[in-house]
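In the two complexes that follow, chain A is the common piece, with chain B as its partner first and chain C second.
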Partner chain A sequence: MEIEQDPNASRIAGDTAPGDAGLRWIGKSINRVEDPRFLRGEGRYIDDITLPNMLHAAIKRSPHAHARIKSIDTSKAEALPGVVRVLTGQDVKEHANPLPSFSMNPGIQHDMIAIEKVRHYGECVAVVVAENRYIAEDACDLIEIEYEVLPAVLDPLKAREEGSPLVHEALGKNEAYSRTFSFGEVDKAFDEAARSVTVDLYWPRSTGMPMDTNGAIGDYDAGTGVLTIHANSMNFTYFLWLIAGTLKIPSAKLKIVPVVAGGSFGSKFFMHKVPTFAGWLSLMVGKPVKYIEDRVTHIVNNDHAGSDRRYKAELAFEDDGTFQALRIDCVDDYGAYLQFGVGTHGNALSQICGPYTIDHVEYSLAAVLTNKNQQGAYRGFGAEVSNWILERLVDHAAHDLGMDRVEIRRKNLIQADAFPYRTPTGNIYDSGNYPGVLDKVLADFDYDYWVKYRDDARKEGRHVGIGVVASQERSVFSSTEFWFWFDEPAFSPTSSPESASIQIEPTGQIVVTLHSQAMWGNSPETVVSQVIAEEFDVDPTSVVITYADSQHALPGTGPGGSRYTVMVSGAVAGAASQMKDKIKRIAANKLEAAEGDLEFRDGGVGVKGAPDKQLSLSDIAMMAYMFKLDLPPDMESGLATQWTYDHPLTTLPNADRSDLGMFYPFVGHAWHMAVVEVDPGTGRVEFLRYSAVHDAGTVVNPKTLNGQIIGGTVQGLGTAMLEEYIYDDQGRVLNENFEHYHLPSSMDVPTMTIGHQETPSPYTAYGIKGAGEGGRMLTPAIMSAAVEDALSPYGVRITSLPISAEQIVAWAAGD
Partner chain B sequence: MKPAPFTYHAPTTIEQALGLLASEPDARVLAGGQSLVPRMRLRVEKPATIIDINRVVGLDGISVDAGAVTVGALVRQQTLVTHDGVAAVHPLLREAGSYAGFHTTRHRGTVGGSIAFAAPWAELAATTTLLGATITVRSTKAQRTLAAKDFFLGPNQTALAADELVTEVQFPPAPAGTGFGFHEASPRYRDYATAAAAASITIADGVCSSAALVLLRAAPTPLSIDVASMLVGRVVDDAAIEDVVQSLAGLDPPTDIEASGAHRRRLAVTLTRRALADAWVNAQEAVA
Partner chain C sequence: MSTIENQLVTVTVNGRTYERAVEPRKALSDFLREDLELTGTHVACEHGFCGVCNILLDGQTVRSCLLFAVQVDGASIETVESLAAPDGTLNALQQAFNDNAGLQCGYCTPGMLMTAKEYLDANPDGGTDDQIREAISGVLCRCTGYQQIVESIRAAASAGKGA
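Then we have the complex of A and B:
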């Protein structure tokens, strides 16, 4: 298959082509440049920031999942000393517009404060602005609300039925979306295949749990009319007009200042409600107002619950294990609102067949609204679920055939000569060597040893199990995944760009400005520093990095969909390329050398082979800023460049959607293998061995990449074994704090060995692929496989998560 | 998540603390705060008055005397767990105590606080019951000493009157030839116990001469099982242990969002087997 390279891609790759072994800084395990300030407690998170005369807000959360608000009496709350203002849905109705949404359903309106009706437990029904947070919370206790409790819509299957109570009356039904996509000849392939397995599977609702919850400070200046919002997220800088629209102010009067965040995992992806809310409160009271989610609010009220899906999944295959076709039918419980439409399924369609050659796929989706907290983004964005589905099917097929689980996978792997590989849905896999990754993990893990170990242990009555799973890791979304669902989408795709600016000060200091909130606890500054070091041969720790506020920001999308490292590297490389062109012209002019004879070395530029013919960046910058007569005659003063980097490779879907186009084309690959020992008496699962090998293209920094893999693996472990929203029959969340919402602790996490294979992408700067979600793509599947293997004496087939200790004990007891 | 308003007192003597407890109608005692403060932040508890006893002098002593251990109410759990003299005579306090919270919370959490708070998962509550400890409580009017088995009345409910303060816990000496066993199941490493079992067995003349078993979360309070009647005079082998297990058939443990009663019953069986087996092995070592 031929794919024309984006002309940008080669330009920004500059003189360090993908796979170039000559990379000096990219690929080095340097310490994170972000670490010193955070490890010293000097990070200045949102709750560390205090503005003069700042007030504090707390919200009154709905105790009901579904209820009509009959009356709200705020008089006692308003009378409490220290209370400045109490606001309700009525104030929102009068003074603000609904929150932005990428959903195509006009009947689904989401407001900052519920108007007339609450649609999930924990939804905001009133807000108190007070002198401090304590008083604000005291006043919340004094607000008297009369509800008419309505039947809670909790079961998505019943919610689809005629006559079900409605979450949104204006929509007229609870099924917000349904469609079947078919690629290839699915029915024929199922008819002709020798065998098939069908499995009903359930993936539970969980959410990302950053240490630093969502928070913002609104600061309205009545004199200038400018509303400044400090917020621990500001991505999608090109969509700020949406927030301004909610606030009914001109977007030119809205300034969002990014503040570092202590984690997101998706829960700060296009995080608009909290900053919009804080900004609105400041508009309403005329003073700065801080609003920070507390933990309970984050759990029940943040807009980023993860997927909650029921599947019927089928895989057709031959007697020799060759896969033929895949059929997936999913009912997804989206909760009360639909901010990203069904984009989380678009995501799944980018790699629905995983690393395997499967030519025929059918995918049916029903997106159902219920009285639960709405879904948003959580590490994997829906593809982690589809990978679990696929790997479960593969294990079931292996079991059906009595075939080794490694061999059935190896047999179906896309081969190294097949790239770029077009998947049946239309997305491409840019590059890869999947058997290479498999061989590497087999050697590291020592599969044969552990198979014997398991079999020997089983003879002694021990319950040892092995899991082997593979996964794709699609990276760098194109926003078509949000809209190709519709024949007539409301908007065409954005390019989801990322920008960077470089300025070299007269002292020679390199300053890079980033244009979206990037610091989510990840390492964007380390990435940028290493790219700058690569391009200019400077010490990466010497680079100064700043963030533009929204009034000065170029288009940026921020982290999400494992895009940031790829996109910011492309943006920085683009700006660096321009910068280097100008520096070379200045230096060539000054040194009377040909530009082609110049090289960047030792923090400056010099003539190749002539160590004494060298100018420092300061020499260059001094000329550029102050001594125009030293510049080439046609050159203007200054030494600053900027570059907006668009998605390097995306194509449109076709009209009938039998081809979704390329929308997630930089695709990594990984294998995890694990050995667990299960205690059937207590349900406790211990790790004996955990090995991971990832191919994320060119690795920028192995240390930070390993951090992403470990973090994702741990979150996947939480999903697999512990985490789940527990509701009562009225839709109230019963585990709304960390006593009962169980995150894995450091003591529950395996010691991992991590290996890397590097198959560069031909289409990105330096050949980098994104790799922020890979761990979570694999652990749910590997835990399912390993525990199932350990419990094979009981004939257990794992089809739902989390795999609780109670369930394990019950299985072992024969239930 | 901020607590409701409260009045704060920080007495420095027991008498001051008892005086405040007598005069303040809706007061809670703050010791380590590891359970109380999160509940106040969640506004599950809204006491009008907090009496912070951390500055009270004379409540933080540990003494070991002829096998008996006396622990002041303000002794930090970590101090108890790391005390070699205590471990030498009552190894169960180290073993079970190390399941109380985490290293960091144990540095704040107190022995008296854990007992007075009476969480249904409290390992220290189970040990007081198993070891036949007595709990000394004081008010401005009187001092009394209660047996642990009479102290715990239900989840977070004790025989402590509103004006009383736990001042110390006394663990009597264990007979020579005693071994202990402790096993716990929890969803995560050292999480709140879903269930736990603590056992002690004393060996004389090669057979069990006394035995005790306490189960956590098999009932609303630490549940003593009369194992002596089944084990005394016997070698505690698999058959003996299975007799004990048979007697657990009627257990009706509580169901909550963490686990069903049926699961807790299964755990009680498993953990009982393991705790008794360990206690027997340890008792044999103690004899040797």
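Then we have the complex of A and C:
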């Protein structure tokens, strides 16, 4: 098919074409330039920062999931020596506005501190500001609150029924939103297909769980009226005026300073509550205030629980295994608030049919509110869930047909000559060679060997199983997925830019300024250093990287949705192109050469074929700053450029939403294959082999990409095998610490082999595609498949996660 | 709430001896971070389960969040700040982590490094991968999936042998 690009879409301004084979630095496994400061313990995370006269805040959490606050007595807490101020919902009501929300639903109001009613266990009901954290926590215990406990709304299916208690009375119901999208002729395809499978599936609530919780320091300067907030998150610099709105201050008086974070995985994606809270506390007490979530608070109060979904899913197919149609019906338990609307389902619609040729899709969603901590973002943003659904359906279809699980997938793969490929929803897959990735993983994994191994082991009574799964990895979201659910959205943004500025100092030093979140475990500085080295032929370790605060930031969206490497590379390439143009003009003038004869080499610029005719970047920069009369006559002084790079390939949905447009078009592809041995007595799952091959377009740095793949895979393993928030029948979280909420340890995880295929994107700088979420897209599906295969003597069909050891033992015992 | 008098603690940290008056209830992790301004040691659960706050107390790893500062009176402590040379040059273990992508966000890294140091001091040849995995199993990392940490520790052992 042909793609018509919006003439307003960003053009790649770099000199290097996508997939250019002549890349010098992009593609090299250089060591991360971020590492040394972290290895020395000099990371300067949020809790490492101390301001003069700084106070500390701790919150009083609700012990109830749903209750009316009848009275709060803060007098004993206020009397404790060292306590500066105790604030409650009444103070929020008087001095602040509700928190921002993209739910576009005025009936769902979320405040920094609960006003009149708490809607989930762990919700903040009061805050203490004190001289230190110990005193603040002591004082929280002295706050006396009288509650009228209300029936907790916990089951999303019952929550939809007439007469259910309401989470938000102003909404008048608990089903915040529902819609069915239909693409193609779904009913007809199901009627005409020879076969279909229907499966009920459950995906449990878990969370990204970074080691560094969310935190911020507010620092109000009464003299200037500027409120500075140091925070370990800064996404969407063009939406930060919303935070100023909550705080009732002019947006020009708000300055957010991004601080490195010890991990996010979604839990710091547009993290607004914690910085807003710290800023508000500083406004209220007139001194700097630090607020850092402790682990329990992070678990029960961080606004970023992952998806919690019940599905009925159906796949129609022919006797030969050809897929025809997909029908998905989902009830999603969003918890007490709805900050991103139903964007996590918009996301899933970008790759709902996976790598397979399925032309007919129906997708129904009911977004239900309950008395639980609200959903936010978690690595995959909902697409990891839909991939599990799809791959489970494929395994069930293979089982139904008695067909090999690799062959049924291969039969339905989109072929390499079909790109760019328009999916039924309207989203585009830009490029790919899926059979190529499959062949590569089969060769690495040695599938036939392991099939024989499994069969032989089974004869000996051992429980060995194989899992094979494929996945798409959509990268670089545009903003339409948040609102195309609505026919007439109240607010329909279409931008998701990223910016970069380059300055070359008189010494020749290249300084790059980035304009969103500082590093949070990704490698923005390494990526940018490699791009700069590519463009200017300088040593990547020589580049200095800084981060703009929000008062100086150009539009930046930040990491998330596997977008950052693609977008920041485009931004740097754009700023570099402008910089190189200026340098060439200065050099051509000075060297009396044609601009076209110049090249960037050895940290400078010179005439091609003339090694002695060269100027260093310092020579150029000195002229640009000090020697105006050496510059071309129409040129101004200085050597700084900036570039804001917009999403290069996005379109609007159509009016009736039969075509959602292009909103997530740079699509990677991966296959994982694994062999496990299950001990039915203990439920332990041991890995005998784990092989992965990914295609993320042009690879910038194989070593760091491998790190993202392994880390994502293991995070998905946690989802598959260990992690789930357990709520009791009163809505209390029973596993609110690491003793009872288990993350994968070094003993629980495989040693993987990783291969890469590189199919560049035709639409991005250098052909890069995003890859940060890829691993987690596959592990839930592969563990389901492998454990199910291992337990096939017991006839087990895995339809819910996590696959706990207790569950495995129960299956083996025939329970 | 009655006021409890501060107690005097004398402790050697990274070769330097400090004398400080501290509240008896102050956690060692907070003492290191706040009183001694050694913020390289991080806390992630304050509960003894994640190992991110691991330090060496008289040569053995301990959870610094589970000790009170007053308990280390007279002891010798090593934290992540002890590893690099005074000019900032990384030691062999730190360099191996840099070379092998043994960190991403870096938050667990101090606990991981001190745990790896204890292991390598006892097992200079590096042992098996299973032994390395067991040695670091008490430190949780959410970024790496551990594989490149294991490779880093193995590489550090190899570098040590070559030296």
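By definition in this document, the second predicted complex is superposed on the first by the 803 of 815 C-alpha atoms of A that agree within 3 Å, B and C clash if a C-alpha of one lies under 4 Å from a C-alpha of the other, contacts with A are read in each partner's own complex, and residues count from 1 in each chain.
Simple rule for what comes next: contacts are C-beta pairs under 8 Å (C-beta built on N, C-alpha and C of every residue); 3 or more make two chains touch, one makes a residue touch a chain.
Since we're looking at a predicted model, the values are computed, not measured.
Contact comparison for chain A: of chain B and chain C, C touches the greater number of residues. Of the two partner chains placed by the overlay, neither chain B nor chain C lies in contact with A:Ile69. Residue contacts after overlaying the shared chain place A:Gln715 against chain C, while chain B stays out of touching range.
Shared-chain residue A:Ala813: touches chain B; no touch with chain C.
When the shared chain is aligned, no partner comes close enough to touch A:Met104: not chain B, not chain C. With both structures placed on the common chain, the touch criterion links A:Gly681 to chain B but leaves chain C unconnected.
Of the two partner chains placed around the shared chain by superposition, neither chain B nor chain C is touched by A:Ala152. Once the two complexes are laid over each other on the shared chain, residue contacts for A:Ala576 go to neither chain B nor chain C. Contact with neither chain B nor chain C is seen for A:Ala383 once the two complexes are overlaid on the shared chain. By the document's definition of touching, both partners, chain B and chain C, reach A:Ser745. In the superposition on chain A, the residues of chain A contacting both chain B and chain C are 134, 138, 294-295, 737, 739, 744-745, 747.
The touching residues of chain B, when paired with chain A in their complex, are 1-5, 38, 42-43, 185, 187-192, 194, 257-260, 262-263, 266-267, 270-271, 273-274. By the touch criterion given at the top, residues 1, 3, 23, 25-26, 33, 38-47, 49-50, 52, 79-81, 83-84, 88, 90, 94, 97-99, 101, 103-110, 113, 129, 133-134, 136-150 of chain C touch chain A in their complex.
Per the touch definition, chain A reaches chain B in the complex via residues 133-134, 137-138, 141, 294-296, 681-684, 722, 726, 734-735, 737, 739-740, 742, 744-745, 747-748, 804-806, 809-810, 813. Touching chain C in their complex are the following residues of chain A: 31-32, 34-36, 38-45, 47-48, 80-81, 134, 138, 208-213, 260-263, 265, 294-295, 519-523, 703-704, 706-708, 710-715, 737-739, 743-747, 749, 751-752, 775.
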